[in-house]
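Should a chain be cited, it is by its letter among A, B, C and D, assigned in written order, with residues numbered from 1 in that chain.
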Amino acid sequence: MRAPSQVTARVVAIEPAGAYQLLTLAAPTVAAGSEPGQFVAVAVGGPVTSMLLRRSFALYTADPGTGLIQIVVAEHGPGTAWLVRVEPGASLDVVGPLGRPFRLPPEAGTAVLVAGGYGSAPMFDLARRLRAGGSAVHMVIGAGSAERLFGVDEAHAVADSVVVLTDDGSRGIQGLVTRPLPQLLGPAGASMVYACGPMAMLEAVGAAAASHDVPCQVAVEESMACGIGVCMTCVLPVIGADGRTRMLRSCVEGPVFDAERIRWKDVGTLPADVLGADAMVVH
Amino acid sequence: MRAPSQVTARVVAIEPAGAYQLLTLAAPTVAAGSEPGQFVAVAVGGPVTSMLLRRSFALYTADPGTGLIQIVVAEHGPGTAWLVRVEPGASLDVVGPLGRPFRLPPEAGTAVLVAGGYGSAPMFDLARRLRAGGSAVHMVIGAGSAERLFGVDEAHAVADSVVVLTDDGSRGIQGLVTRPLPQLLGPAGASMVYACGPMAMLEAVGAAAASHDVPCQVAVEESMACGIGVCMTCVLPVIGADGRTRMLRSCVEGPVFDAERIRWKDVGTLPADVLGADAMVVH
Amino acid sequence: METSVSMVTSLADVTLPNPVLTASGCAAAGRELAPFLDPAELGAVVTKSVMLLPRSGRATPRMAETPSGMLNSIGLQGPGIDAFLAHDLPWLAERGARAVVSIAGGSVGEFAELARRLAGAPGLAVLEVNISCPNVASRGQVFACDPVAAADVVRVVKAESDVPVFAKLSPDVTDIVGIARSCVDAGADGLSMINTLLGMAIDTDTLRPVLAGVTGGLSGPAIRPVAVRCVWQVHAALPTVPILGMGGILTGLDALQFLLAGASAVSVGTAVFHDPCAPVRILAELRAELAGRGFGRLSDVVGLAHRGLQR
Amino acid sequence: METSVSMVTSLADVTLPNPVLTASGCAAAGRELAPFLDPAELGAVVTKSVMLLPRSGRATPRMAETPSGMLNSIGLQGPGIDAFLAHDLPWLAERGARAVVSIAGGSVGEFAELARRLAGAPGLAVLEVNISCPNVASRGQVFACDPVAAADVVRVVKAESDVPVFAKLSPDVTDIVGIARSCVDAGADGLSMINTLLGMAIDTDTLRPVLAGVTGGLSGPAIRPVAVRCVWQVHAALPTVPILGMGGILTGLDALQFLLAGASAVSVGTAVFHDPCAPVRILAELRAELAGRGFGRLSDVVGLAHRGLQR
């Protein structure tokens, strides 16, 4: 893992990918040292923008050879609306690579990679690395509808098996990504689960993995003001090795966490047993 | 004079013109009813800009036939920096035509048109209208240096004589635009003067005209927040027909004023004899 | 579907066809906006604060653009109440526009006199008492900075007035709820919030303040979070007092924030400089947003963000 | 030419190599910025306000972006003074960075205890007393809203402290000069201005406040005109009191506005979120702007905009 840097990245290409835009950026220092699960933070809106805060995107690819990185952008609010309209040749101010990546297993095994929507972006490089380490990889890719699936074809190229699901049945099986998990995690099944997608999905995948006693890493998506660990906006309650819950910064202590460590039901609240919650009463 | 409207104008062309950018915009309702000396107010910075206020530009051309208007933009601060970088095909939010135009003389005579920098923009249409009404037109065009002159060639096409001056002598005569005025305004000289340019120049031209007893209209440039007469930011002390000085709005009561009505030395101050200045003491 | 939302609202006992108004000082007396919108289509036109005598206003520069906002230091330039009554108010009345007339005085007596002169004027729907203009020579003269002075003004205006009286408050106070309460206790029928924040900018070329008046009033989207907070706090403390909310409203969703915080209507100020059609655009956007959320009546959303909030 | 500007400044009797600092809460304790800048190159690192005990901070969401600004409602999450002294301050000291340590207490006694614990700590250059955090449960607890409470805190901290004490003020007061004077009278060696403005945003989809804490602190360029005005007013009233200015500084020219208004040094806060290299970039820009204007020493511009102004 390499220290992040702030770079001016040229937009090499921008192309639609279903409901998303795939941005290819020239950012050699970011590409050089990044690992799957890390993200970049992009300044949006141009020089006289009213939008101060960077927007975060998981790295989809990062090629140290070409110095190119790719991100998959869903148009959401004004910042991403601006970003999906950049032109090739434009410059973007990018900070990265940020955050802790997915940890690879100490020894080869069978991995299930579960992704929702653009949450599949970091999964392909992860799959390649897992397979390079000798692991078998099964991918489960879901989304609300067909055009919000990202990378189904590539999944087939990098995984031993692929299950595609959509909420509305417009592609693949109708249903949620948790649906195939009992089978994939069952006896003689996976030794590890990786997941990226909406919080509710991560919670459900974590629960499925736990019920089969399979370790599960998830990449969460919390609202971030700085992305580099200085502001404390991106926290969620995470149980430490000492059994105590702390409000951890998802930008530097995540975005990848062990699913079982996250107090899912308490995200967005301040449970009384969190370290230092007692001090909140005073003031 | 037509009521202003707010329109979405397509950028038809943008091309360098010396130190300036010449923008051609499709804005039929603005083009339809405008007169020389009027201006448009353009929103800058795009949808998520931090710049709330419109930028004002004199109309250089306005063709009711094609529906096109042109403005000449000098890069100054962040708003014009954005504007000179728009691409053909882009849309601009334009309000216009605004302000009072130059008044044409009731009968033909000899007009001297004096312009500084991009202040020449409104002068060419004015010259054409004056000549169409039978007047003779002499133009004096000045600027700091050659590349800040605008429209010298066109001046030759629309005027009976043209004097070009620059402060640094890089083109034409070295000196200020007031230099040729004694001759042009002298005996058997002009019956009217029109001027547009920096305030100090307008004052000097007004003084020269006054010393020859020639009426002089000037188009002033005051900092404007709204451009449509509702905010009261763009005022300057102007003497009325009743001899009283009032703080008049240059966006709706100008930008064209009789030079002799403006209290040049008092611009940027509040002279005690301005109507209502006494009330300022209270509160 | 959209036309099925009832946009009717009221400021105290005055019913307005819709909740989008102009803001004082940002629409003059309505006339200049006529090329861009029909003043009768708005909830009301809030006129520039008028004083007893004609006023020149301050020297220029009177404005500075700031990030997502602007500073102004106009100094209440205006024709005085006589000219206003002779020319401005009748123009609005003839067009069927409702007028919220903003008055400003240098003394309690001047406020009283203004209210007296306006009593019974045709077209007058509401009196807005500007006790919070920051462009005065001394901070001590801002009535809205002191609960007693604020109450004094409200009391005399109320005594002279036959229409609802709204006190316009400044955010530049330690305790806006205290000032609000004091105005209501003195008889204010409602509150207008917020006036501009006191701010300034320095010209880094001349090395002097940009504004001739040194300090000025900060307005625009930059101040919206402060404005929403003020409306929220006052509505929480005084839930039955009608609020005319304002400060940085640029879109229908911005207006909706104010309604959800507790305002019954909103004023659109600086946005008009950006977009002269803003008030009617915002009205249309607000209507569509309400319809899209399934609300049938504007009144359903007033203060809604407070409800069901446990704290 | 540019290298010939002397950027040296001082906060009370502490000399700093240059006037650009981080802002409390926007740089943690400096470590996370190390990939982007060398903390020793800054005037100083102002650390996140530390309290006596570890604190969890508030529930999320803790932030909302607003036009040219943001709201935060962190609730002073932090490790407590023991961990700070064990891990954070030494890290800065080892790197040769000067530390302005910000402390926050729930009571006057807690402030005193924090100052006591910090006395003599290596690397500590200045104590910044955060009496103005808006993210507290009740407005009544903001010491900086009350001149007496503010003075009480300053007095006890000053008594325990062997470094200059700067009181950090809130702009959310009717009379910031009064609070400033009260702090100085109680022994404050200087003033930090401004903390965030109290603001809020409402989510128009959930129809509830965006922040879990309902209200939050508004920062960023949106508030810069208010911040410059506060520095201006206080410097005009107390010209010998050193001021650490802040609020929306994004560029060298923004920093220059604060210096011209009377600040001896500036803190860069929210800009770091936009641009993690901001403090060093702003320092370079400021140096170039001063050189371009022909100033040889930073101290030549401090308060310059006041001079020769007739009013």
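The definition used in the following text is that contacts are C-beta pairs under 8 Å (C-beta built on N, C-alpha and C of every residue); 3 or more make two chains touch, one makes a residue touch a chain.
Just so we're clear, the structure is a prediction, and the values are computed from it rather than from any experiment.
Asks: Give the chains in contact with both subunit B and subunit C, ordered by label.
Replies: Per touch definition, common to subunit B and subunit C: A, D.
Asks: Kindly list the shared contact partners of subunit A and subunit C, in label order.
Replies: B, D
Asks: Weigh B-D against A-D on C-beta contact pairs and write down the one with more.
Replies: Of B-D and A-D, more C-beta pairs in contact link A-D.
Asks: Averaging over Cα atoms per chain, report the distance between subunit B and subunit D in Å.
Replies: Inter-chain centre distance comes to 46 Å.
Asks: Any idea how many Å lie between the Cα centroids of subunit A and subunit B?
Replies: Subunit A and subunit B have C-alpha centres separated by 56 Å.
Asks: Report the inter-chain centroid distance for subunit A and subunit D in whole angstrom, where each centroid is the mean of the CA atoms.
Replies: 35
Asks: Compute the distance, rounded to whole Å, between the mean C-alpha positions of subunit C and subunit D.
Replies: One centre to the other, that is 33 Å.
Asks: Two or more other chains in contact with one residue: find those residues in subunit D.
Replies: 67-69, 220-221
Asks: On subunit B, where are the residues touching two or more other chains?
Replies: Subunit B, residues with two or more chain partners: 50-51.
Asks: What pattern do the touching chains form: line, ring, star, complete or other?
Replies: Topology of the interface graph: complete, with all chain pairs in contact.
Asks: Touching residues of subunit A toward subunit C in the complex: what are they?
Replies: 50
Asks: Given the complex with subunit A, which residues does subunit B contribute to the contact?
Replies: 45-51, 78-79, 81-82
Asks: Quick one: in the complex, what on subunit D touches subunit B?
Replies: 67-68, 221
Asks: What residues on subunit D touch subunit C, complex-wise?
Replies: 64, 66-69, 71, 139, 145-146, 172-175, 197-202, 204, 207-209, 214-215, 218, 220-226, 228-229, 232, 248, 253, 256-257, 260-261, 289, 293, 301, 304-305, 309, 311
Asks: Which of the residues in subunit D come into contact with subunit A in the complex?
Replies: 25-28, 32-36, 48, 51, 53-63, 65, 67-70, 72, 74-78, 80, 105-107, 136-137, 141, 212, 220-221, 270-277
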